[in-house]
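You will see chain A twice below: alongside chain B first, and alongside chain C after that.
Moving on to the complex of A and B:
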């Protein structure tokens, strides 16, 4: 699923996930404190790890002494209940970009890890509802930019921006062709 | 490969229009001309005032030289367009079957090249065509609200209209498909998950294989998919054809159907989005292999 050459996949790989270390890691304290120290990461320390690292540490290292793996992860902020409630209330009014620039890509990766079907349903519904609005705006750019709803365009995540561009290009090409002299 | 990204996944309107120029139209020649044998079929010999059918591009060319008059197709008459418009406006959930697959392009071509051959004033026809397009656009827009991860049914939609929404729809559906594939349990098999996706990538590939393949495939299958879509569109009604015919573009309502033949359908309806890789039928797989070989040969300098 993950494409090595896709810049969006690379960016979504770097999204932060809150993690709790289940064991003490010697000499890696600078990850926690953000400065050059020689301390250890203590057992129970809370650190935000990038997705690619969290994925490996959470799954790898599961053994009899350490049934939880090296770390346990908790739900990242963009998929917290607060955001999800807002999304089920009105998908169009949530600032997805403020949650995460790669909201849907991140969601894919997070869902692939956790398999949370309720979360998946909410996100799919959000995507469908917002895609329809994105399409409307794309075919009607001028009025979209002039009304208050242009705020909406500022809340699109990267996937939605691509959708917007695709729809807008198509509409623009067609207008160009129609007005062309044949 | 040097195509701009948006053209890899879809046509531009002028390409659609170019393809439509191959459809036939009746002309009334004004002078005699001998038959011309062309690879795509012979152009019959012409005698003045004897009606013949020729491809639109020939008709336009001859019209420009004042060597013929074009007989506009029946659906392009004022009465028929009015009937079509009323039918479109009366039923907001389906597209009417009165118009041919390439109606937007043919309408524009004839209005552009032979406005004096129309039975009604050109602006009347033009306005009617525009009205019809707007009604149909509204329907397509409403249909997009029913997007799902696997299937979108749009019967009797025209080539140009389909092309307008194609890039948006393929991208959106692809995104939904990928998200859907993370669902756990039994539903997973419905969805095209390809775990060996990355393994396909040879380590010494200079380019991502996926993008190479897709651009090739898109280029070679354009005419095919166009023809398939057109043929089935001519069949005209939903669920009358074989499974394959039903699979393509030919539906009228936006409806969800059984998921087991989804892959055929979505493939023939919509050229895939660039990142969409699924190759489980033999034909596709064959093509892939051929292309891989060609590609590898090229890379190795053979």
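Moving on to the complex of A and C:
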């Protein structure tokens, strides 16, 4: 699913996940502190690395002496238990965009790396519940379901925004078609 | 182990510059006009790749000619990371340029006129008033645009009875009312010469003016 040239895929690769280094690497202090440092990264150092780096380091370094790879990764904040509980309780009320601008794409990448079924189920249910509300907002300017429309729309992640725009376009096209004279 | 020092004050981390370029690409996707080519950013990213390359070379030189990745995990990790950064920059550069190239191709198909590149053409209308002006393009992009246009012209030439870049909407009337949006000079119709000055309206044959509608010079009135 990771199209090399796709801009959204590239953006989602920029998401950061927490990683722990499994070995001491000299001279790579720039990962922690920026480009002008020549310090080492100690074994056990916790750093937030972007997916494009973390994914390869986690898989690529696997060897007999280092069965875990160069780093191990842990659950990023958007998929923490706290967020998941909030999502199972009331998916419409969670600020998805605040968790991650590309929540669903990020979830796809994380799930591909870890295969966590429980997480998958929660996110699928969240998507379905929210999609229904998004669709409702797209078709009506005043939704009966929710009083503060702009607040909800501000919590949509990029995928949901695309959904919203598509639904709006479809709604507009339908109205145009049904009112065509000739 | 010593790395050369870097001078970029703007960003601290490898790949940050590339991220900026991708932000620009994302923005471009939702704009109608192609924004200016980010020559400085692109050059900085290329410089970053060269710096990374230099560091990899330093590391490898220190290890000697028979270095195997399994010999020293720590060094191979360091090289690995530098490699990944280079790959990331490369990917962002390629995606940026590909997006723009695709956009240029779309412009060619839509009949975009670039007669105004580099020269002040016609009635003294300010360039900023004409959204069809190609501003901020890299010279290579202009050349790509021209070259692609030539290829397309050759393709169109194979079928003379159909205009491959013509309008996709079926015509509803033979003659239509139009308003002129920008000065477009004069056109020859079978009923004589018409001078297109801004804000004038005409009742003309659709076929004659279709090209100009596509290019944005005149607007069809309902």
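Throughout what follows, the second predicted complex is superposed on the first by the 173 of 182 C-alpha atoms of A that agree within 3 Å, B and C clash if a C-alpha of one lies under 4 Å from a C-alpha of the other, contacts with A are read in each partner's own complex, and residues count from 1 in each chain.
Please note the rule applied: a residue touches a chain if its C-beta (ideal position, glycine included) is under 8 Å from a C-beta of that chain, and two chains touch if they have at least 3 such contacts.
Just so we're clear, the structure is a prediction, and the values are computed from it rather than from any experiment.
S.K.: Could you classify chain B and chain C on chain A, in the superposed arrangement, as clash or fit?
M.R.: Taken together on chain A, chain C would fit alongside chain B, as the superposition shows.
S.K.: So, A:52: does it touch chain B (first), chain C (second), both, or neither?
M.R.: In the superposed model, A:52 contacts chain C only, not chain B.
S.K.: Of the two partner chains, chain B (first) and chain C (second), which one does A:152 touch, if any: first, second, both, or neither?
M.R.: A:152: touches no partner chain.
S.K.: When the two structures are overlaid on chain A, which partner does A:14 contact: first (chain B), second (chain C), both, or neither?
M.R.: Once the two structures are laid over each other on A, A:14 reaches chain C alone.
S.K.: Just to be sure I read the superposition right, which of the two partners does A:108 touch: chain B = first, chain C = second, or both, or neither?
M.R.: Touch partner of A:108: chain B, not chain C.
S.K.: With chain A's C-alpha centre as vertex, what's the angle to chain B and chain C, nearest 10 degrees?
M.R.: It works out to roughly 70 degrees.
S.K.: I'd like to know which partner A:26 touches here: chain B for first, chain C for second, both or neither.
M.R.: second
S.K.: Which holds for A:63: it touches chain B only (first), chain C only (second), both, or neither?
M.R.: second
S.K.: Between chain B and chain C, whom does A:5 touch in the aligned arrangement: first, second, both, or neither?
M.R.: both
S.K.: With both complexes superposed on chain A, which partner does A:79 reach: first (chain B), second (chain C), both or neither?
M.R.: neither
S.K.: Please give the least Cα distance, whole angstrom, that chain B and chain C reach in the superposed model.
M.R.: 7
S.K.: Where on chain A do chain B and chain C both make contact?
M.R.: Residues 4-6, 182, which sit in both footprints.
S.K.: Quick check on the complex: what are the chain A residues that touch chain B?
M.R.: Chain A residues touching chain B: 1-6, 104, 107-108, 111-112, 115, 117, 120, 123-124, 127-128, 131-132, 135-136, 138-139, 159, 162-163, 166-167, 169-171, 173-174, 176-178, 180-182.
S.K.: What residues of chain A sit close enough to touch chain C in their complex?
M.R.: 4-8, 10-11, 13-14, 23-28, 30-31, 33-36, 38, 50, 52-53, 56-57, 60-61, 63, 65-66, 70, 182
S.K.: Quick one: in the complex, what on chain B touches chain A?
M.R.: So the residues of chain B in touch with chain A come to 6, 10, 12-14, 17, 108-109, 112-113, 141, 144-145, 147-149, 160, 163-168, 171-172, 175-176, 178-185, 193, 197-198, 201, 208, 210-211, 275.
S.K.: Residues of chain C touching chain A in their complex?
M.R.: 1-3, 5-6, 8, 11-15, 19, 22, 25-26, 29, 70, 73-74, 77-78, 80-81, 84-85, 88, 91-92, 94-95, 98-99, 172
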